Amino acid sequence: MTDTPLLALSGLTKAYPGVVANDDVSLRIAPGEVHALLGENGAGKSTLVKMIYGLVKPDSGKMEMNGTTFAPQEPRDARAAGVGMVFQHFSLFDALSVAENIALGMENAPKLRRLSHQIREVSEAYGLPLSPDRIVGDLSAGERQRVEIIRCLLQDPKLLIMDEPTSVLTPQEVEILFKTLRKLSAEGTAILYISHKLEEIRSLCDSATILRLGRVVGHCTPAHTTAREMAEMMVGSTLKTPTRAGKTPGKVVLDINRLSAKSPSAFGMPLREITVQVRAGEVLGIGGVAGNGQDELLAALSGEAPCASGMIAFDGQDVGPLGPTARRKLGILTAPEERLGHAAAPDMTLVENAMLTGAAREKLERRGMLDWPAAKRFAEKIIEKFDVRTPGSANVARSLSGGNLQKFVIGREVLQRPRVLVVNQPTWGVDASAAAAIRQALLDLAENDAAVIVISQDLDELMEISDLFAALNEGRLSEPRPAQGLTVEEIGLMMGGAHGMEVAHV
Amino acid sequence: MDLSVINPVLFVAGFLVAATPLIFAALGELVVERSGVLNLGVEGMMIIGAICGFATAVETGSPILGFFAAAVGGAVLSLLFAFLTQITLANQVASGLALTLFGLGFSALLGQRYVGVKPPRLAEVNFGPLHDIPVLGPVLFSHDIILYLGLVLVAAVWAGLKFTRAGLVLRAVGENHDAAHALGYKVVRIRTLAIMFGGACAGLGGAYISLIRVPQWTEGMTAGVGWIALALVVFASWKPWRLLLGAYLFGGITQLQLNLQGAGVAIPVEYLAMSPYVITILVLVVLSADKNAAPASLGRTFHASS
Amino acid sequence: MVRLEKRPQPSRAFSWATPILAVIATMIFGGLLFAALGKDPVASIQTIFWEPLFGDFAFYYRPQLLIKGAPLVLIAIGLSLGFKAGIWNIGAEGQYIMGAIFGAAAGLAFYPTQSVFIFPLMVVAGAFGGWIWAMIPAVLKVRFGTNEILVSLMLVYVAEQFLASMSLGLLKNPEGFGFPGSRNLQQYASAHNGELIAGSGMHWGVAAALIAVIFAYVLLTRHRLGFAIRVTGQAPKAARFSGVNPTRLVLFCMGVSGLLAGLAGLFEVAGPAGQITIDFNVGYGFTAIIVAFLGRLHPIGILLAGGLLALTYIGGDIAQSQLGLPAAAIQVFQGMLLFFLLAFDLFTQFRLRFGQAEVI
């Protein structure tokens, strides 16, 4: 590496009440280097980059840029020093145009007309076609990411921070992105690349720093390290892969026939003629880039958005127009993606959250009157069987960590002995051991003759547990195919290839 | 009944005056809502503006100073709302109601000495020969400076929101406060300023009622204009020019029912008097379909927890 | 620097302490306000809070506490159900007026017939009047998505005009020498909501308020519907997911609050007020909003808060006659109470941290 690094962090520490997010973290990035920051959820990656971007101030330690002290008070300072950041969430304005969004992220933004011109130039130079006048809410996930990247590029960054950039992309789109990033790196821009996807890091990054529980636990050169070695550094123990005995699926339990539905929200995705059958004992994995109808499909199956008669049959019985409670009584249970606020009420206790979906099947309710002691027993059973770490069932849902709450939410449905279970992103933002436990629970459920549908954006997860695989793309579901033996290219094409985006010519 | 007593020229001139308090109050609220805050205290800020303006005008003899005081009074009261919702993160609906209840009481307290007093009159703007044009003269060129200020303000807010960077930032904060925060914008500061602007506008609107439209002071004299202003913002889909149109529509209805009362139409006075409220409801029903125009963060509490 | 930090669990202690802190702060700042008006602050506060309960004429004022408190509690209980679910009926004043008009009209229609069925019929009519008035914003909300806050409030002004029209027209006392206002129901035995125990202030409205408190308590803690209300208020999506039908919930909450406000109006017109007049309504519908919040939207809390606000009404009247405190000062006092409550409520969900500042 070069003598003066572009960015050098030494001894950065940041503590929040009850948790040390970063503990004595040191790191060096050279100009043009693609540096991976690797770690599980909660390892402290986000806090670290927020300090570099000026959103959070370190308790102690120091940062240097090109050999001089760097202490951004706010994102503006960081941007002025040449740091650009592409966020994973929360940084675009749906109702505003591409150009307006980009102007908001710049100091001294030029007049909109000039800016639009610059956007076109940069987007062509880096193979990221994008029209400045479009409303961001109408863009696909990949295109939205381009808005953020272009916003950074327009300011000539010396360091580009990318937070989990590929979680919203198809494999083909990832290739386009990587070409752009390699071009940037060749031009001397350093890239700090946050991810937990090891194969990507091996193909893209020059070096890697691995964080665990807020501390640096190792550095490596990804090209010379196996994915398994990196994974074990990240997790700190050897991983157990879920197991299941092979089993022949039984009769069709859930029959979805040309399911179409409008999206309830303004920038949502309508469902278009989805047809699929799921048998008892079978796991159907549904992949696809976020925003292609996942939430809408879950709502249609849970009964939150009842659909027309004849579109969904359960054991041969038409359940299309039924609401959530009636479907639960039959045995169709679901767990939506958003844990806090959708699957669980944040400020309610675990007992109340157990009541939330358990009332009908666990007989927690008699003629409208609620049986709280029974709900408490049910909540405690979930806590015990699913190893939910919490001081007790009287704690509110939002006091639990993401992984523990997710175990609670999945456990709540699994323990109600579903005939059909539909889950959306069951392990998103969950640490590896909790994720493994959740996957095992889903497989065990299928062992016991339930039909399981797993909607996820984590392709590795889907390949690991699915019997059948299908992909959602623009609200349409591809023909399901046996998961075993599918190649990455085939999966990518099922997911819609590069979404009709123009392929980069770099 | 004699409809011929309604003079069309005076009627039009009258409804321009009737619409002005609405224009001010609704325009202020429009800016507040565009920043993502729902302030239901418009009525309270208006009535405080009405009494502050009235008292100051009477004491100093200057209506212009009165309007100035009204804007300050409305803005100061709105700071209470800003404190509750932006600093102590209280529910915006409840805080807005509190502001209205408090404002109504406090204005009554302040106004005790001013019941039955006549305020100094604000002179018309001198347009010279324009004033003497038949029909157009009395309709368009025979008003006070504040009425014209209202129109200028509509144009200014429209241009400010659409073309300036401050307007873009304001809209961005109202659209997605988390994203705006992540980009380094001061959400709380921007919203507080917007709330104060809304308070000042509501105060001006209130003073226009007590100093020009009525002109005298009675308790609770805003009589729901603040609430109609809130409805008007929805009606206008958060767009300034549509708001102006809506204000004229309501001003016209108010003026018409007053004129009909004067003309002794066979409809009882009470039913004429309730017509602006009924029509507000009808308008809300007809226009409620277009909800997507609302700022996405409207009414949500912001707390930077990271 | 001071900064806010969200508590992992809402603080139970603060949830109960907040109203008390708010009352204390209101007394202090209210005292300052009274001092600014040139009144002795200590004497004013004492007159308002002590005189009605333990003063020389307490025997007269204590029953008044029930009379003033009953409509406040009755209305606030209804409002609290909706507020808990994020459904904002703020037009209780209008529903109160319509309840009184419907109830009084039902009774006056039979004048001067005497029958035990007349009063129950009036109760039903009063409840219906309030209910139907609340159903207007409710139905418009579920059918067209109109904002219930604005519609219910607009209907207050419509109801006030309707009240004026009724007391000058249809319901005007034919033997009233041309004065506006209906016949006095206190002089019509079958329609009179008199005291159940003489001199106690206890009338049917007080009984109804107590029943409403118990009903709301059971509903919120034990019944599915109450649970649905609480979940909807805290996490609407989670409520939908659990099977709550939002349309039905809006109709239920608005309906119940309208019904209770209508009942309050009926008991008032048939009892303490006696007749329909132009200025029949005195703002109970709006004060009840303060009562509902001050009572933390909890039935028992509302009962206590209703008593407290009734006390400020009565104490305010005494202060007005004895100290010359303006009537509006009490209104300011009540408004302040809500302000302080909302501000102190912060500490239920957050705690203050002193120390290094965060970039916000």
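In order of appearance the chains are A, B and C, and numbering begins at 1 in each one.
In this section, contacts are C-beta pairs under 8 Å (C-beta built on N, C-alpha and C of every residue); 3 or more make two chains touch, one makes a residue touch a chain.
Chains and their UniProt names: A = ABC transporter domain-containing protein; B = ABC transporter permease; C = Sugar ABC transporter permease.
This one's a predicted model, so the numbers in the text were calculated from it and none came from an experiment.
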What is the touch distance from chain A to chain B (ABC transporter permease), in steps? 1
With centres defined as the mean of C-alpha atoms, identify the chain lying farthest from chain B (ABC transporter permease). A
Can you compute the centre-to-centre distance for chain A and chain B (ABC transporter permease), using the mean CA position of each chain? Integer Å is fine. 45
Distance between chain A and chain C based on Cα centroids, please, to the nearest Å. 47
Cα centroid separation, chain B (ABC transporter permease) vs chain C, in Å, comes to 28
Touching at least two other chains at once: which residues of chain A meet that condition? 54-56, 74
Hunt down the residues of chain C that sit against at least two other chains at once, touch-wise. 358
Contact residues on chain C for chain B (ABC transporter permease) in the complex? 4, 6, 37, 88, 90, 136, 140, 144-147, 149-151, 153-158, 161-162, 164-165, 168-169, 286, 289-290, 293, 326-336, 338-339, 342-346, 349-350, 358, 360
The answer for chain B (ABC transporter permease) against chain C in the complex is residues 40, 80, 83-84, 88-91, 93-95, 97-98, 101-106, 108-109, 112, 181, 186, 188, 219, 223-224, 227-228, 230-231, 234, 268, 270-271, 273-274, 277-278, 280-281, 284-285, 288-289, 291, 303-305
Residue set of chain A touching chain C in the complex reads 17, 54-57, 59, 73-74, 302-304, 323-325, 328, 334, 336, 338, 341-348, 352, 355-357, 359-360, 365, 368-370, 395-396, 398-399
Complex contacts: residues of chain C adjacent to chain A: 5, 8-10, 222-225, 227, 230-231, 234-235, 237-243, 245, 353, 356, 358-359
Give every residue of chain A touching chain B (ABC transporter permease) within the complex, in rising order. 50, 54-56, 74-76, 79, 87, 90-96, 100, 103-105, 109, 266
